[in-house]
């Protein structure tokens, strides 16, 4: 059961609002990084690197945008 | 409430015009960077870096294009 | 009013031909760079850099391809 | 027969849940790397490199997001 | 008239076959580079660079894949 | 005739199974590299480079994922 919610919180792409869909996109992107680098300390060490590197911040934005495209479609754009 | 509009202004992908949709795409891309690097001063320090780096400007364009694809579809391309 | 056409010329994704849609994709990609780096001189300084860098030219192609995907769909592929 | 499931486990994009679809996206992304670099030892040697490199972790996230978009659509977003 | 076919040969995304659609994707990607760097000699100078750089060849593949996605859809996948 | 199958084997995106679709995505991605660098020896020289470079392997995965998205849709996800 716990494994069923390791990658997608709530095991669903459906959210009540666009804002919540956006937050889900961020969370899903982070969870991929978590399963690829499961060591919390190692991840924490990388934080100052990417948080102060403009190129990486832009790349994070690109990944979130791609995740969000899927979530937005799943929710019919919250129309 | 304020948290509900932290990532998507107005908590909606719907805009009146294509131009406004494009502006929303830029804003949404920037807000991802803001939540990843919440320190305003740190973000400000990076500005001259990316604003004068052709590769980063192109990458920003790529991210905005991806966000805009979602927004444009949500608005049925303002047809 | 002038602000309404700062990001998308004509405030519309609809074009008469595929060729015009392609030109719009290029223009829209450039306008994102323009709003991110509003200083014309700074942009001009970067031109020889990206115009002679194969990797950047490819990246520009990627961004235009993404913008064009949206425009082509908006125009039902000019069929 | 074994070759038929070398790239997509179960030879199908359909999964019971969103979580399983996400796991499939990760697996499919990894299998492309496996067929490109079939030497297990060589792949193992690269692990500490990408698992401790923020830029690569973000790029992995981008690839998984793209695979997931296809899988999610195939499953009609598990609605 | 000549300007109408500067970016998309034949001013149309419709092709008879998938193979021709693929060729069009390559051509459209190249024409973006051509309008960004109009100097033929400068482009020719870059050829040995990208043709012998694995990372750039992969990036070219990414751009062509994105262009092709649009063309394939325009042609209803030649079904 | 030979030219008709230079870029897409069989000149068709339709495959019997998802696995075959995935294999086609890999092949199509490779054929773009082949037409960009037609010298077989030059391509062979690059192989150890990208096969032992985590960043390039990830980038290959991204390109294949994009090609596969198109092929999967063409086949209505083999449902």
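Lettered A, B, C, D, E and F in written order, each chain numbered from 1.
Just so we're on the same page, a contact is a pair of C-beta atoms (placed from the backbone, for glycine too) under 8 Å apart; a residue touches a chain by one contact, two chains touch by 3 or more.
Everything quoted here is computed from the prediction, not taken from an experiment.
Among the remaining chains, those touching subunit A and also subunit F are D. Averaging C-alpha coordinates per chain and comparing to subunit A, the farthest chain turns out to be E. A rotation of 120° superposes the C-alpha trace of subunit B on that of subunit E, rounded to the nearest 5. The chain with its CA mean position farthest from that of subunit F is B.
Work out the mean CA point of subunit C and of subunit D, and you get 32 Å between them. Centroid to centroid, with C-alpha atoms defining each point, subunit A and subunit B lie 16 Å apart. Counting partner chains per residue, subunit E has residues 50, 53, 55, 59-60, 62, 66, 69, 73 touching two or more of them.
Taken as a graph of touching chains, this assembly forms a single closed ring in which every chain touches exactly two others. A single ring links the chains, and its order as traced from subunit A towards subunit D is A, D, F, E, C, B. Listed in rising order, the residues of subunit D touching subunit F in the complex are 3-8, 11-14, 28-29, 32-33, 35-37, 39, 42, 45-46, 49-50, 53, 55-56, 59-60, 62-63, 66-67, 69-70, 73-74. On subunit D, the positions that touch subunit A within their shared complex are 17-19, 22-23, 26, 50-55, 57-62, 64-66, 68-69, 72-73, 77-79.
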